[in-house]
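Letters A, B, C and D mark the chains as written, and numbering starts fresh at 1 in each.
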Amino acid sequence: MPSTTGERAQDEKETGRLEAFSDGVFGIAITLLVLDIKVPRALELADRSTLEEALWRQWPTHASYVLSFVTVLIMWTNHHKVFRLIRRSDHTFLLINGLLLMFVTLMPFPTSLLAEHLAQPGGATAAAVYSGTFVLIAALFNALWHYAAHHGRLLARGYDREAAQAITRQYRFGPALYLAAFLLAFVNVWASVGLCAGLAAFFALPDSGNRKLRE
Amino acid sequence: MPSTTGERAQDEKETGRLEAFSDGVFGIAITLLVLDIKVPRALELADRSTLEEALWRQWPTHASYVLSFVTVLIMWTNHHKVFRLIRRSDHTFLLINGLLLMFVTLMPFPTSLLAEHLAQPGGATAAAVYSGTFVLIAALFNALWHYAAHHGRLLARGYDREAAQAITRQYRFGPALYLAAFLLAFVNVWASVGLCAGLAAFFALPDSGNRKLRE
Amino acid sequence: MPSTTGERAQDEKETGRLEAFSDGVFGIAITLLVLDIKVPRALELADRSTLEEALWRQWPTHASYVLSFVTVLIMWTNHHKVFRLIRRSDHTFLLINGLLLMFVTLMPFPTSLLAEHLAQPGGATAAAVYSGTFVLIAALFNALWHYAAHHGRLLARGYDREAAQAITRQYRFGPALYLAAFLLAFVNVWASVGLCAGLAAFFALPDSGNRKLRE
Amino acid sequence: MPSTTGERAQDEKETGRLEAFSDGVFGIAITLLVLDIKVPRALELADRSTLEEALWRQWPTHASYVLSFVTVLIMWTNHHKVFRLIRRSDHTFLLINGLLLMFVTLMPFPTSLLAEHLAQPGGATAAAVYSGTFVLIAALFNALWHYAAHHGRLLARGYDREAAQAITRQYRFGPALYLAAFLLAFVNVWASVGLCAGLAAFFALPDSGNRKLRE
């Protein structure tokens, strides 16, 4: 049990390395998204279309890139907010964080799947896999936070209770909303993807709930 | 409002993680540029050309790599300079920085597009997309800086006013110059790319404006 | 020989950079695993199968991704635990750590090899290469730890002897168990991969041995 | 001119971010090397060869991976050693370091080129490009070090003069030796690559010169 100054410093250092590793994984996952945007080949354009048209035809790829980039960036911001309150770590916490990173790292795959099949017969399946990944990530974020915050288990001594409650409130609806997007995929592909986009915009834009966290 | 020593330390730590994440994204984006340089296959060379000729024919790829690498490196240096004066962060700042990173991360795509189409019918479109990405990045750099520096909003208490003004001056012309490169793309592809190269060289070489920042 | 406060601080800083570099390499290797999961192309699905079936047929790829991700994550956690006790570095230590990173970095290759050949005639070879990579990594982890811990060579002054012995005990069986998986590959591919999966689950789940390390 | 405690701390922080960025770039460049090792496809093996034979036939790829990984790792170690003595940075230093990173980042390309053409008619060209990249990197390492060390320009006050002279001595022969490998490429491909491998082994193994640096 950490009780001396030395051990407390040791604790902070440890979380620091976990944050740095997580940041690295978020940063690489977000950057690998670009590898899915393929350049139209010059030889294939020669005869019947211009590069401009070819780029416009790629719009599902560009839209998927923006949607996934913004969503992963919001996830990183959330991870960041949670870790501002966390000081300690244990094996279960490392495990939950590891599973979370596994699905964050996977993001280039559902993004690429959505871009390829959005306007094709497989659109429903692609949108279900895409939003389903977000369901799992949102659920794991809740698990990570509730495990750490339960009786202040891994939080700093004298942590900011209001900030902690704001996170609990903010996380409550994530899994349910992404589950709605997942179920919508089987009804209407565009509604499902639209809901994901709406959620990204809602979380990205500064709102009163988020502003509270910063004051 | 941060006012105690503890909160000030907390602020510095937070910006530290934002810088580390941004550095990671810059570092990965700059490194992924190399993936666009494809090795000429041995089987395709067997009959009618040597490897040396094949490598020379790839010059648009090599030139694009160098131009994008140097430009992204300058962007990183600028990001670095800006963050030396910034101590705090808020939601809007995170959002602007996120958008900036989104276009930095995109860089391998316009680079690859330029390399493929520079000397082809789609050259104008490719050069417009390439320089257009720089217009957006330059504009977002200005937005980031002006948001942070407005009434010293996110700067350190007692920040170096001269260094801040030097950044404001240095950033003023970026968007306009890259906009000129963007417009030139529709007139002459080589002039557009040449202007981008000239700007990279101008910012890379030590000049009086940059030296001032270091004194 | 470090003896003053200044030199001790220098030592810590140096290990810090080695840890950061190692973390980066682990983080990138783990993230590159996703590049092996190829999206089924829409054009190839049009006639005779649905996207859903195509994704199910990809199960060896998905399973390999999960197995390798979890195993590399456990490796990272182990690296982390070891470095909590280590304070100094020398050339031989850098060399062993470098070889360890070389095989960690290689992981996307055996993972991809396993995914492609698991249910094919080359299954035994693929499983042997896969588990053989783990044999080498487990052996290098032991070498790294024993070199550092021998007479407390690179450990902190007054290091936690019980934690050190727990690591020695925990590492003892790794190479032998993965060697068993390697040999099993020539008898039964599924038993070999199953043993690798069992070891990943065993190390990932919190057990008494691991819990001891945290108390 | 830094003279107060505050400004000195500022200096250290700045070099810290430069080191972190450089580490990230080294780490990513070294990890991307694995992307060149392509898995033999199951369908192509079905009729006339086994996976084992196919993997043995890939030996130039495996050998190039090991050689480049070890060489880049040695470069990182050297970068690390140099930065232990450096405390400040300026525009010219950033520029030299940037050029150095540009060629380090390029490494996956000459590595892939060597693997593809080593035993083909283009072998001489590939080996020349490969060793030529090392000539440039070795020259830039010398430029970086001499610029920083000239009259102790960017070094810590009261830096270890013996360590500085050891670096100067150690770097002296790098460019000439790699230039010899470059010229050998036009005479005998294997001698050129062998010299590169010998240099990697020489620098990797602990020798008296390196040991001196650590005492």
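In this section, a contact is a pair of C-beta atoms (placed from the backbone, for glycine too) under 8 Å apart; a residue touches a chain by one contact, two chains touch by 3 or more.
Since the structure is predicted, the reported quantities are computational estimates derived from the model, not experimental observations.
Chain centre most remote from that of subunit C: B (centre = mean of CA atoms). By the residue-number overlap criterion, the interface of subunit B with subunit D counts as different, with under half of its numbers used by both chains.
Superposing the C-alpha atoms of subunit C onto subunit D requires a rotation of 90 degrees, rounded to the nearest 5.
Distance from the subunit B centre to the subunit D centre is 25 Å, each centre being the mean of its Cα atoms. Centre to centre, using the average C-alpha position, subunit B and subunit C are separated by 35 Å.
Residue positions 20, 24, 28, 32, 35 of subunit D each touch two or more of the other chains. Contact between chains, per the stated criterion, is found for A-B, A-C, B-D, C-D.
Across the interface of their complex, subunit C is touched by residues 19-20, 23-24, 26-28, 30-35, 37, 39-42, 45-46, 50-52, 54-55, 65-66, 69-70, 73, 76-77, 80, 84, 204-206, 210-211, 214 of subunit D. Those residues of subunit C lying in contact with subunit D across their complex are 10, 14, 17-18, 20-21, 24-25, 28-29, 32, 35, 90-92, 94-95, 98, 101-102, 105-109, 112-113, 116-117, 120-122, 125-126, 129.
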